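Each of the two complexes below includes chain A, the first together with chain B, the second together with chain C.
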Partner chain A sequence: MKTIDIDVKHVTRVEGHGNIVVNVKKGEITRLELQIVESPRFFESFLRGRHYREAPHITCRICGICSVGHTTASVKAMENAMGITPSEQTLLLRKLMLHAEQMQSHWLHVFFLAVPDFLGVGSVIPLANTHPEVVKRALRMKRLANDICCAIAGRHIHPIAMHVGGFTHIPKVEELVDLKRRLEECRADLGEMANLMASFEKPDFNRDTEYIALSDPNKKEYAFYDGKIASTKTDKTLDVDDYLTWIIEHVEPHSTSKHVKTPRSASFMVGALARYNLNHELLHPAAKDVAVKLGLNGGSTNSFDNNTAQIVETVHCVEDSIEVIDELLTRGMKLEPLVEPTRFGRGAGTAEVPRGILFHDYTVGEDGYITDSNLIIPTTQNMANIEADLRALVKQLLETDLSKEEITLKLEMLVRAYDPCISCSVHFLNVKFE
Partner chain B sequence: MKPKIAVFSLTSCEGCSLAILELENQLLDILGAVEIVNFREAMTERDCDIDIGFVDGAVSTPTDVEEIKEMREHCKALVAIGACACQGGINSLKNHQNEDDYRSYVYGDGAKHFPTIKAQPISAFVEVEYELPGCPMVKEEFLALVKAVLSGQQWALPQTSVCVECKKQGNLCLYEKGIICLGPVTLAGCGAICPTFGSKCEGCRGLASDEALQAASINLREQYDIPLENILADLRFYGAYQEKSLP
Partner chain C sequence: MRNNRITIVGCGRTDSGDDAVGIRVGEALVRCALPDTRILLTEWPGVDLIADMEGVELFVLIDAARAVPGHPPGSWEKIDYRNFSGTLLTSHHESSHGWSIAETLELADRLGELPPRVWIYAIFGARFEFGAQPSEATIAVVPEVTAAIQHDVTQFLGIENGKLKMENVG
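Let's look at the complex of A and B:
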């Protein structure tokens, strides 16, 4: 019977700082923890006493990599709290921003953080010499996603023009025309990316899991910007205002870590794979083709497939961005004043951001200043599921002849497959101390 | 031998580290000119000296204090990148709140597990050769600084306020639209990107000068009738660590 101790300090190629600790004595797991060692941030406290208009600009600073996602959930929550209905043009521009962030984040994760595992190198840096075409393509694609955000809201990291009630800037027609041309050219790069991913063998691992994501009740759109909260374990769906009945925080008796569960499962998964499992029928046909090519046939319980689902989603985002740009160009754009509040009170907002469903929840007083807030981040929701997966994977790997180093690499790959954003979730999670 | 560069994060969103990756057109040239070393790995090798160490994030925990001191020991030049590392940034919003209150509001009974201190810039703990302010840092400034340091050239931040750059962009002054903007008191170098995209300057690059602050503070109250507490709230968005007196 095996006895191993794995202690990965600072898992690399994830956003933020985390440790994996696994102790196995005579074939039994005695301890398994994904520890968070990032500094606490206190964003909910920062928000109290600040003006409602500042909420998106404060909360986007939770995370540089998903700042558009935080901005989106923030403006939606604030608009819900204050009775604001944004214009059609605003919705189209927000969808384009969110698509661009999915592309930017997914490509960054797949090419820079996950691919080095499959090619057997420690980071993306040696790939610049050994696989320059892969790196150049990745950078070209990332640049495109970045430029979409720059044209609309000034920049990707901490977008400027995206506000409660609308935008303070609109892109020029010639900018959108040029971005559309580059999106069309990107189809060739997407094909190469799918070929590369198809050449990798993904670890064989399956565990029955509840998946949660937004879903369009009208079955028209693959939901990123809006929808009802849906689960693979029930046909019922939920309005965003009722999110706390499904997303239940609790303290595990054996640890001080705050975990999140649903009324149905002790853990659940959010993110690209959850969205794919719930909404794959609504993907663009080009994205469906890539899914088939990469072996995702309408559903998967292998968490390593999260990388695959990310690739599939970016194909959808490229195609849908072209359609959104066409719509904007056809209807014409004009700079609109920000829509003003009609009431004050409490409201929640949600969006599907690269790592999964994100909740912002604010209460605003009659003076326009924030009195309360609650933010539930995708990685926080995934934390219990990552641990449950690690536990199952360790058991599976103990049955094999793999060395401690090979087991460790597989565990790190599993954590990385979730694309965890520890900077984001840390303001919320409790650190486990010895 | 190529110069060694390391990037390290303290309390931050890591957006400034990410901004380096958003230099997509120059990234391969940078990788050709320097060796990027993992700071945590580099620290285990005794003789490994880092030529330029970039740090994003504020110092806001006892661990951050230890880490920035270690980083200083291993780096020939230390560069603070972004508002958090240069001024404490958005993290310092908590500095003016009651400590027990802001901790328990987020962590409840678990607050005891989180030793924290006031969010402070890294220059409050160690000597810093260069600062690249902004939230996030301006990546073109990063590129210019790297080039200057590697070629032994002088490098300095601009000394004017954001208003100068805003005028060059041809923007209508936001004060004309009744919007209070921190452009007059904020250090230039961002190209006035926020006013150019229709939003007020939030002061993420820190104060241009004490004189600018004093003048603007009087103007805001006397000419625009803005209460002192509103001016303070705006100045504290990224700059709550700074101790300045307003007239």
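Let's look at the complex of A and C:
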């Protein structure tokens, strides 16, 4: 009967700061918490009283990794609230941006934050010595994804040309042609990275879980940009405007992030694995091939598979981006005026961002100013599930001969597998003179 | 696209007090129209900067630093990174959000991507809270740091009396 106290202050290689606290006495878990210790950020409060056009540009500042995703959900919510139908060109450009964000975020997470665990190094810094080709390839791939966002919306994070009703800038034809060439070249890099992933041994861990993601009711697209809310625990789907029926928030004392449950489950998972489990049949054939190579099956209940699903998704994003660029080039692009509101009221908008389904919900008054807002980010939705997974994994690991340090590493790896985005921080230089 | 011989990066956040000073100096340098020089402004001096180092002879970073004894708010220091005996403190690789300039430079160095010369202009400030205005002392030093960088870069390029020595321009 083991007695173990684990207190990981700031789980490393995640976005933001959280602690893992586990107390086990004589084989029984007496306390298990994923503590979120960062301050609440009150974006919902200071959106109130701001003009609707400001919302995408304010909310994109919630995150430097998912800024395209926040902008997408924000413009969609506003367009829903105000009866705006964006043009086909706008939809194509937004889908391309969202693909690029999935790529840069997934590659950053998998190759800079998660892979060091599997290659037995502490971070990407020593990885540059042991596996420089992995780091150089990842940098090259990430740069491509950034350049797509930059060409379409003016900069690689915090897009400035993406607005409610359309774009105020469009990419040049030669930029799209060059990006398509680089995407085609990226296939080789991605293939090498998939081979690397195939060599890793994933922890053997399974727990029955509800997965929630957007799903295309017409079964035509692997849903990133649009769809209905779907779950692996029911055949019913939900309109986005009704998301609060399923997404039920509550407060836990040890966390400044809320926890979320559904009417069916005390916790659920969103993100790449949820999308894969619900929509894998709609992936590009090349992505399906990589999934087979990586041993990823629809219906996985191993949260460590989330990283595998992230790589599979990026294969899909590369291939679909090439097709979207082809369509844009065939159609021809022109700078279009922003579509103006036809009414004012309440509307919700979603997008599948790298870490899962993101909800923005606004009410806009007749004067065009926001009177109410609600934002639910994917990591918030995953918090309760991470804790439930940790609890199950601790029980499983207590049955083994692993040391406290080895158990701690496995728990950290589990949290990292979710790619949690806890907060953003200020960057400044700390210098110590000697 | 070929990089210029020199890349200058102004780092910081304009909504976080003195952290804005690197951006302010970078903006001022844009107006100087330095030859063969690319100027970037960034809130996140992360791994993406490594691509901007390719083929560059001189890489210049401008960033705010926390004031320490001997370096009060409004003072500044030019650091020759390759010959620096002090320490650029890192975030201990805790978070990609907390990824610092120090880690970017260290990673570039290990990958063999660090340019031959790397200068860091550290401007010391005291106020970094979200929503704060930059302090008067820190903002007051922007013209001085801008002039110093302009001087150092033109010397590097071989410009004398405002006239470019063409043999030194690649």
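Definition applied: the second predicted complex is superposed on the first by the 415 of 434 C-alpha atoms of A that agree within 3 Å, B and C clash if a C-alpha of one lies under 4 Å from a C-alpha of the other, contacts with A are read in each partner's own complex, and residues count from 1 in each chain.
Methods note: a contact is a pair of C-beta atoms (placed from the backbone, for glycine too) under 8 Å apart; a residue touches a chain by one contact, two chains touch by 3 or more.
Since the structure is predicted, the reported quantities are computational estimates derived from the model, not experimental observations.
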item: Which superposed partner A:400 touches (first chain B, second chain C, both, neither); value: neither
item: First (chain B), second (chain C), both or neither touched by A:245; value: neither
item: Partner chain in contact with A:44 - chain B first, chain C second, else both or neither; value: first
item: Which of chain B and chain C A:143 touches, first, second, both or neither; value: both
item: Which superposed partner A:128 touches (first chain B, second chain C, both, neither); value: both
item: Which of chain B and chain C A:160 touches, first, second, both or neither; value: first
item: Touched chain A residues, chain B compared with chain C; value: B
item: Which of chain B and chain C A:168 touches, first, second, both or neither; value: first
item: Contacts of A:64 with chain B and chain C, given as first, second, both or neither; value: both
item: Partner chain(s) touched by A:54 [first = chain B, second = chain C, both, neither]; value: first
item: Chain C-contacting residues of chain A that also contact chain B; value: 10, 12, 15-17, 64-65, 108, 112, 123, 125, 128, 132, 135-136, 139-140, 142-143, 146, 156-158, 423, 427-428, 430-431, 433
item: Chain B-facing residues of chain A, complex; value: 9-10, 12, 15-17, 37, 39-46, 48, 50-51, 54, 57-58, 61-65, 67, 108, 112, 123, 125, 128, 132, 135-136, 139-140, 142-143, 146, 153-158, 160-161, 163, 167-169, 256, 258, 335, 423, 427-428, 430-431, 433
item: Chain C-touching residues of chain A, taken from the complex the two chains share; value: 10, 12-17, 64-65, 108-109, 112-113, 122-125, 128-129, 132, 135-136, 139-140, 142-143, 146, 156-158, 423-434
item: Interfacial residue positions of chain C with respect to chain A in the complex; value: 11-13, 16, 18-19, 43-45, 47-48, 50-51, 63-66, 68, 70-71, 77, 79, 85-89, 92-103, 106-107, 110-112, 120, 122, 125, 128, 130
item: Residue ranges of chain B in contact with chain A within the complex; value: 9-19, 21-22, 24-25, 27-28, 31, 36, 38, 40, 57, 60-61, 63-64, 89-91, 93-94, 97, 101-103, 105-107, 110, 113-114, 116, 135-136, 193-194, 196-199, 202, 233, 237
